[in-house]
């Protein structure tokens, strides 16, 4: 067979989203790839310039729809810095609770999609089933399954409902043995190793050259985790390990994500204990009134008060489930943020796709791209 | 067999019909109509119609069986809404596909595009003509029925490739090529595994092979052959872990990407027909067909249509194993599949043949007992 | 029914029974030949489209009959295969509806990856102008009869992104929509409800 | 690494090619440089251990535009922000891809959204917007409309 270009996408079962992977192949060997993005470009950065600070949270949930709370956290850290607000400690613990639960949910979603890519059918259902348990927990205190709008400048919207921590512990107790089952289903199978070992190799140096972060970088043995390296919120008070693997391949990424879920469970037990012992406010007191958070409606006079508010720049970086996410918020004293810039980890991971896809076979594309965990919402924004 | 055979039923029916018709005609015509050959001919036709209906019904039931089983493996329920426990779901699917417009892509080759699926379907259906279902319940007691069955079975890659190539789609083409390569690679070990059975049974006739398993079923002494046969069958049926030609993750829907409507229904039906035939062959060759071991109480084997009952039960259980494999295993890659096929399966199947030859030489195995006849 | 120029002889001769003369003098000068003489062997290239068209027409004609039509309607509404694709957030809830808890397969809803095998397009997410023409292509690739469900606020009217420069404010600007599901994103049970409503719609319209 | 330390390290080699090194929250500091010296600055900062380019972005300040680069060092575990101003009439700057290949897509995005051209970029095509899209949405002059407004406008034209 001679060379040809094939389009994998925008409607293709491999993509898990709306993007197009153009592949040049000869026979079944990949010669070149060219991802084509932008099918889900909704202009979130532009709309943010047209919204009040707390209204941007709505967009954050939809930026990465499998890790909405993590993106809320990211934006809130930057916006609070730009607005010179500091949330109370309990709110920070609640945000860590959200982020870690979201990490498990996102990784379970990844697991469900990834195993389907290599043809394993039933674990898709198992992953979705266990993810639903976490979404139930989210629903019990934020009111929604996927788009939460839970965090606010200055804290979080509401405290946990009574009995939440016990329910959460029950879910965590259920989840831990499930991870073992997942491992048995995947790592216990010879075919899984045949499909995944040594695929999609990208060494640590290459990762850094091309801006690849998150589980892909950690699977190459580099221990970079912003929760550990540059602790934000209350991560410096929590005890956990950074999951790493060697091999820099698909199996390595699988191992890293599985280990991360276990570490998240470990973090969550600590956070739940802390939350049980330390009741307190979840919103900062002296909030500027024009923020309208959490309950007061934003009136016309509120914006007048805004005039003399100090300008500022906010910068935050968190370890999102997919990697290093970064927000840059410019507060120029107006009602709306002057400029909001987000850095999506998947954006950079996808940009490097040429370096981990070329030379493999067409049949290897689904496992490799599955191990990248593409979330198009945050790539296109 | 105490009960009536399918032959006698259809023969009686034919006799009745033709006798009724003949009685209104004057003598020379009546004599011609009530001639034995004409009655036999009509009996064969009735028989074929019955067989076709039975095979279609079983295939549709098999799809239901797979959907429900897969659902249970995946912690859900499968089709529930249409009919009792979703029994009518596949009929709904079939009628719907029948009504849908068949879209022929502009650049597609019309001849291949339409004949491919039809021929695939027809060759799969013909197979039912040679497979015995119970004693006396087969259309043709051919002395070489096993060989004929496998020969027809191996037509499929040709038609798949034709339909894939003529639909003028890159994914279809890749799926078709994979399918052809895979089926050819697994044809050889499959046939060698069958050779092992034939050596022990001493016949190519499926009915004889079943009756050779009176003392012990062949799955025990010919376990290696069974493993090779099941693996080869999985590849021939294109089921996980060998479902590369329609690997959903990379090749959209594989070689039937461009097919919709009735032609897609043909593919779907033919796939499951082949699955059914694969399960039936496993039962016939290794699990004693419709016979049961002697320790089974005679009440369980002597009620009317007992042979068919046990036969269908075994077939559906074998298919359940295939579904179980589908629920539990990932898909392999083309080159790995071919490498396993040529490097592992063929030596294994040669070993199976060797073991079979040894079994025939020794004649008696301590655990299993003796062969009923001296073999070849 | 419009017949192509190359293939109509079969059809035309069948509709002209008056040219058939059965009185014995078959081949007299000036007489039209009997119809089966007129039938020439069709080439395969001509035969397949003609046969296909004749069959399709037959099915369509039969589909109008009182006996068959309810059966087709029942089959059509009970086996809706949606297109397997994910646009945005709603795609995750779309996937969750096929998960263990909601199990959309109970209603015979099985996602297919190829648009040729689908009869239902669930637009599960924000439609941008960049993907608009691909969406229309996919819709056109689906064989008739087909339906569209706009799932979620974005597909219904642009949702929170309706002011954005790149977003189509509602997928009904591109393709005809049968059922709208509200929610951002709709819960899986809302999606199942939308599918059941579409079933009701098909039953009432008697398509 | 503190801001003054950063300045002390960079100033001798770069001289007045950097205009200022100022404090920036949660980072080692913000280095403002002249755009003519972009590649020199990139190389010097890269030599300091900032091997990971997180992102490139642009801000439209109406009278001029700002390009910022956010970098991370695994040694000091700190971010640093580089930024340079370009005039709106002549918005271009040297591409960072020779130093950090990961700048590729970020620069494509900045080019199409903020209208800042990157010289010697290997592959400056549209990334998020469709090919041939004539607007630069993240400029302040680009206003968002309610879709109905657009329809009304189209009807009256």
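We call the chains A, B, C and D, going by the order they appear; numbering starts again at 1 in every chain.
Please note the rule applied: contacts are C-beta pairs under 8 Å (C-beta built on N, C-alpha and C of every residue); 3 or more make two chains touch, one makes a residue touch a chain.
For clarity, every value in this text was computed on a predicted model and none was experimentally measured.
Novice: Taking the mean of the CA coordinates per chain, how far is subunit A from subunit C in Å?
Specialist: Chain centroid spacing, subunit A to subunit C, equals 39 Å.
Novice: How far is the middle of subunit B from the middle of subunit D, if each middle is the mean of its Cα atoms, in Å?
Specialist: Each chain reduced to its C-alpha mean, subunit B and subunit D end up 65 Å apart.
Novice: Using the average of all C-alpha atoms in each chain as its centre, how far is it in Å between subunit B and subunit C?
Specialist: 32
Novice: Would you kindly tell me how far, in whole Å, the mean C-alpha position of subunit B lies from that of subunit A?
Specialist: The mean C-alpha positions of subunit A and subunit B differ by 48 Å.
Novice: For subunit C, write out the residues touching at least two other chains, lowest number first.
Specialist: Only 99-100, 113, 130, 163-166 qualify.
Novice: Can you tell me which residues of subunit D touch two or more of the remaining chains?
Specialist: Where subunit D meets two or more other chains at a single residue, that happens at 129-130, 137, 142, 144.
Novice: Give the residues of subunit B touching no fewer than two other chains, as numbers and ranges.
Specialist: 74-76, 248, 252
Novice: Assign the assembly's chain-to-chain touch graph to one of these shapes: line, ring, star, complete, other.
Specialist: The chain contacts form none of line, ring, star or complete graph.
Novice: Per the touch rule above, enumerate the chain pairs that touch, sorted by label.
Specialist: So the chains that touch one another pair up as A-B, A-C, A-D, B-C, C-D.
Novice: In their complex, what parts of subunit B are in touch with subunit C?
Specialist: Residues in contact with subunit C: 67, 71, 74-82, 86, 88-89, 91-96, 98-104, 110-111, 114, 248, 252-253, 256-261, 264.
Novice: Going by the contact rule at the top, pick out the subunit C residues touching subunit A in the complex.
Specialist: By the definition above, subunit C touches subunit A via 83-89, 91-93, 95-96, 98-101, 113, 115, 125-126, 128, 130-131, 134, 138, 160-161, 163-167, 184-185, 187.
Novice: For the complex, which residues does subunit A have touching subunit C?
Specialist: Against subunit C, the touching part of subunit A is residues 10-13, 16-18, 38-44, 46-47, 50, 58-59, 61-62, 65-66, 109, 112, 124-126, 128-129, 131-132, 145-147, 376-377.
Novice: Note which residues of subunit D are touching subunit C in the complex, please.
Specialist: 129-130, 135, 137, 142, 144-147
Novice: Can you name the residues of subunit A that touch subunit B in the complex?
Specialist: 1, 4, 6, 8, 12-14, 28, 115-122, 124-126, 129, 185-186, 189, 191-192, 194-195, 361-366, 370
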